[in-house]
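Both complexes below contain chain A, partnered by chain B and then by chain C.
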Partner chain A sequence: MFIQTLVTGLAIGGIYALMAVGYSLVFSILNFSNFAYGSIIMLGAYIGYYVLMHMGVPLALSVLISIVGAAMLCFANERLAYSTLRKRNASSLYFMISAMGTSIFLENLVYATIGSRFYAFPEILTQQNVSFGGVSLGLLDVFAIVFSAVAIYGLHYFLQKSKTGIAIRAASYDMQVCQLNGVNVNKVIGWVFLLAGALAGISGMFLGMKYMVYPTMGWITNKAYIAAVIGGLGSLPGAVVGGLILGVLETFVSAYVSSVVRDVFSFSLLVILLLVLPTGLFGKFLEEKV
Partner chain B sequence: MRTKWLALGLAVLFAAVVAGCGGSSGGADVIKIGQAVALTGDSSMWGQSEKNAVEMEIAKINAKGGVLGKKLQLIAYDTRADATEAVNVTKRLVGDKVVAIIGPGQSGVAIAMTSVTEPAKVPFIATTATNPKVTMDDKTGKVRAYAFRTCFIDPFQGTVAAQFAVKDLKAKTAAIIYDVGSDYSAWLGKYFIEEFQKQGGKIVGNEAFRSGELDFRAILGKVKGSNPDVLFIPTMQKEAALVMKQAADLGIKAKFLGGDGWGSPDLVTLGGSAVEGSYFVNLASLDDPDIQTFIKEYKEKYKSDPIMPNPVMAIDGLYAVIDAIQKTNSTEPAKIAEQLAKTKDLPVLSGKLTIDPKTHDPLNKPAVIQEVKGGKFIFKAKFVTQ
Partner chain C sequence: MLEYVSGIITFSLIYVIATVGLAVFTGFTGLFSLGHAAFFAIGAYTAGILTYFYDVNFWAALTAGIAVSSLVGVIIGYPTLRAKLRSDYFAIATLGFGEAVRVLLENLDITQGARGLPGIASETTLPIVIVLTILVLWVARNFVHSRYGRAAIAVREDFVAAEMMGINLFQVRMRSLVFSAGCAGLAGGLFAHYVSFIQPGMFTAALSTQLTASVVAGGMGSITGPTVAAVLFVAVPEALRMASMWRLVAYGFLLVAIMVFRPQGLFGFREISWQSCVRCFRRKPAAAGGGAGE
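Showing the complex of A and B:
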């Protein structure tokens, strides 16, 4: 049971990690929590579900469409809700309020147009299990772990090697100095939101396939937020580690204590950790952020 | 100076709006029926169906000339299936001077609402709130004068489920997974355990989770270890489908059993093959021959099936209120409540409605056991309250 719990925990943690990376990416540049991220994940899941079920698009392509769709939505989110605030040098509190408003708006938009029904993906991957040494793991989980790892590594590679990636990293240190050096900050921020949106599309598809698609599914990003804080806001490796720790911890608490007190443990961990390490595990306080 | 004019203008506008509201709500030629219903949130699927059904029925009644020569007017507000929101909504309905309130569908919400309806002396008729505390005040042990319902109650539902498990499914051991955040779920689980043990069965697991949970594999791992004959899941269809799906993934062999919270086609869409062969207790069934006309009308009007059983229970409540208005020849909420308690053999959508004056619960309400087979709900057995 111990190994099974650990493996289940890692599978859950993998998705938390993916979402936490998206969160951290935006935080590292604009220094605010993008609470609208959950709604982008939700919309990504709806897009993937729609093209798969109603347009007969194959699964792999629908994942891709979901990624592109969510990336574009995330980009539009920035241009509509944050760029004006940015131009006026608003404090991060206003960004957060704007993000919350966007989140509530998008959720209710889905309620009003699509409705409140729950949708489930067809059982393509969910019914198959992989067993090794008495431990069973859904094929979808294996797929999610591998895909998350590839996506996160791809992002890391992009940030390290590409010109845009370097610009993003530079902007995360100091946006103003970066601007003075001739970097188009507007463009850099656009890229960040596109990348975060792409990760939201992947997370949304996995969450939708694993559980179901419904308007409030974005609330799970609360967990991604905790994961990001545990790992150190703005740090990508931190977000990954934070996500995995949280997933494993939650599963163990559910299995050995009670599922009811799970969130009590998660939030206690968060509080205790912040008391000991105010910047999280990998946070270096405005030093190397991305 | 400009701000002064602006303020004055706004004040005039505000006064006009307030006066406008007063004018439209003061009409004596309509009878206002309130509805406290979940129109958004996780329970909105049933709530919207409830509202659609009542709206459709009221339009029909109005076309035939209304009640006491007056037209009925429905005022439906969204509770979001949330207790706090429901209290606000109920206050608004009382302020709107409705004669009675149809709904809510959730026990916790209904119990919260009684804090407003009792002092205001406005009756409500819950649709699917099955917890006994909805109509009985457990502090005084007395019946709440303004709380009614058209559905059966959880002790009966739990009893039916446990008896079915022992007698028909030949179960000797059972485990329960319930939602600790829902009165409905927790109490239904408790009543099931009591009756199952009375029947000689053994409870080998009793696991709780918090509302909104998505991943049950950790607690299901424990359930798998105790290997029960039956897994009783007294939750809503969303959690039930996820639990069954994940239980099937983990290779749990138990038979799945649930309550009326499962009664939505979503159970099959969400649960897929994992829900095949599971059973649940329900209040009404789509294949009930008595409600086929209603289902046809609903389908024609809204281009979809009514989500069972809420719309049927809501219409039953509406009929009970209309009957009370006609019998008392009055639109006084307190008089209507008094008459509601005396409802006897009233023909309603689900059959005949008799309200027990001692508990305000319906008498002899049948419960159906449905089986999920080939993606459809198949009628399996019927139990009637004593």
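Showing the complex of A and C:
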């Protein structure tokens, strides 16, 4: 029971970590909370569902299409809603409002056009179980753990080794100096949003398969924000650790206490953490930049 | 017909009360609250439960609603504002807070869960709401023009400089948070006693959004701007009978469009007063020039 809960928690934590990394990636470079991220995840899930169910594309390919689609959406979101603010050097409050607006716009557009129906993925993966050492696990959970690990490691490798990755890290450290050294910041930011969108596509597919596809499913990114705060806003390793911690703790709370108090628990955790460890585990920015 | 019109006015004025509270907080301290619906809900449920189960007097229940939501404002503000965190932390904390309150309301016994509280005494009338709205506007105006309000404006513009001048950042932010939580609580209490049925589903993030949209569209740093925006945002869709989902689509679009094209909001930092109206009619260019110079 204990190990079972732990592994289920890790699977959920892996998805939280994916979302939190995507969110932190944008935060680390533009220094604002991208509240539109949840809607991108939701749209990624819709794209994947549509392609899989209505166009008869195989599952692996539809995951890929969902990743590409979400990445393009995230990129478009930046160009339409944030780039003007960026040129004007607006404060992060304006970015946050714009992100909030995007999120509400997209979510309700889906409500108004596609409808509030819940769509379920075919139960190919959720029904199958793998068992080892007396622990029985859904195949989907295993996939979630493996896939999250691979995606996060891939991102890490990209950021460490590729030229664009180095530019992203430099820009997140100091955008202006980076620009002075001849980095095309516009392009770098475009890349950041593409990468974040790709992660949104993966997590959207997993969330859709694990739960269902519906307009407000993006609200689960609240957990990603909390995970990012636990790890420290803007820190990628922090986002991974925060996501895993939150996922495991939540699963234990729902298993041993009650699933009702789970959300209240996550929020209390956030507030307690802000009291004792305001920077999070790996945080770098404590106060607002002037 | 008359009843319908007075209903719309009552509704919009209730939202005006909550919007003015949020305008004092977001507009004058530069912090962004995403969970204001929770304060609204706490006010509504406190007042509703008191009159429904305990037969408390309407006015006492309203006061209790204001008190409890202000108190919750203190509880939530203390840890989050104490540490002088980035505004993002605060926004995320309020986001979580809003969701947590909704989950609690859905699962507590006294709130009767998702079924809600039907048949709360219908005590809110148009005259009461008008008087309370004027009172709240007056208090907010005085608050903004007082020493505390000017300190809040200084904090919004440049909190490092403000702190160097000896302004207590925590105290200023806390004071306006408590004020705005109290306003939301009052609006909630009035709402509960007007529609006489409340359920957790009424106080979702959509409500927080509507309040934020009014403040942003009306102009951050103005009291009258958000008031006008709140009236427009409630009355126009209601009168045109637009489906609520398209209304929310429009809110989202408006928020982005305003940030991109007119970040100071419709009214900017200006207040609508008798003088500005007169000036507007007499010499158009002067008024326009005053608006452009931020």
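Keep this in mind: the second predicted complex is superposed on the first by the 284 of 290 C-alpha atoms of A that agree within 3 Å, B and C clash if a C-alpha of one lies under 4 Å from a C-alpha of the other, contacts with A are read in each partner's own complex, and residues count from 1 in each chain.
Here, a residue touches a chain if its C-beta (ideal position, glycine included) is under 8 Å from a C-beta of that chain, and two chains touch if they have at least 3 such contacts.
Keep in mind that this is a model prediction, so the values were computed, not measured.
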item: Fit-or-clash call for chain B and chain C when the two complexes are aligned on chain A; value: clash
item: First (chain B), second (chain C), both or neither touched by A:A60; value: neither
item: When both partners are placed on the shared chain, which of chain B and chain C touches more of chain A; value: C
item: Partner chain in contact with A:L180 - chain B first, chain C second, else both or neither; value: neither
item: First (chain B), second (chain C), both or neither touched by A:A81; value: second
item: Partner chain in contact with A:T8 - chain B first, chain C second, else both or neither; value: first
item: Which superposed partner A:N222 touches (first chain B, second chain C, both, neither); value: second
item: Which of chain B and chain C A:P278 touches, first, second, both or neither; value: second
item: Chain B versus chain C as contact partner of A:L93, first or second or both or neither; value: second
item: Partner chain(s) touched by A:D263 [first = chain B, second = chain C, both, neither]; value: both
item: 152-160, 224-232 or 278-286: stretch of chain C that collides with chain B; value: 278-286
item: Residues of chain A contacting chain B in one complex and chain C in the other; value: 108, 111, 219, 260, 263
item: Chain B-touching residues of chain A, taken from the complex the two chains share; value: 1, 4-5, 8, 12, 108, 111, 115-120, 122-123, 126-127, 129, 136, 138, 211-212, 214, 216, 219-220, 250-252, 254-255, 258-260, 262-263
item: Parts of chain C lying in touch with chain A, wherever the complex brings them together; value: 30, 32, 34, 76, 79-80, 82-89, 91-93, 95-97, 99-100, 103-104, 107, 158-160, 205-206, 209, 212-213, 216, 243, 245-246, 248-249, 251-257, 259-260, 263
item: Residue ranges of chain B touching chain A (in the complex, touch as defined); value: 40-42, 44-45, 48, 180, 207-210, 212-219, 221-222, 225, 238, 241-242, 245, 248-251, 266, 269-273
item: Residues of chain A defined as touching chain C within the complex; value: 27, 32-33, 35, 80-81, 84-85, 88, 90-94, 96-98, 100-109, 111-112, 219, 222, 225-226, 229, 233, 260, 263-264, 266-268, 270-272, 274-275, 278, 285-288, 290
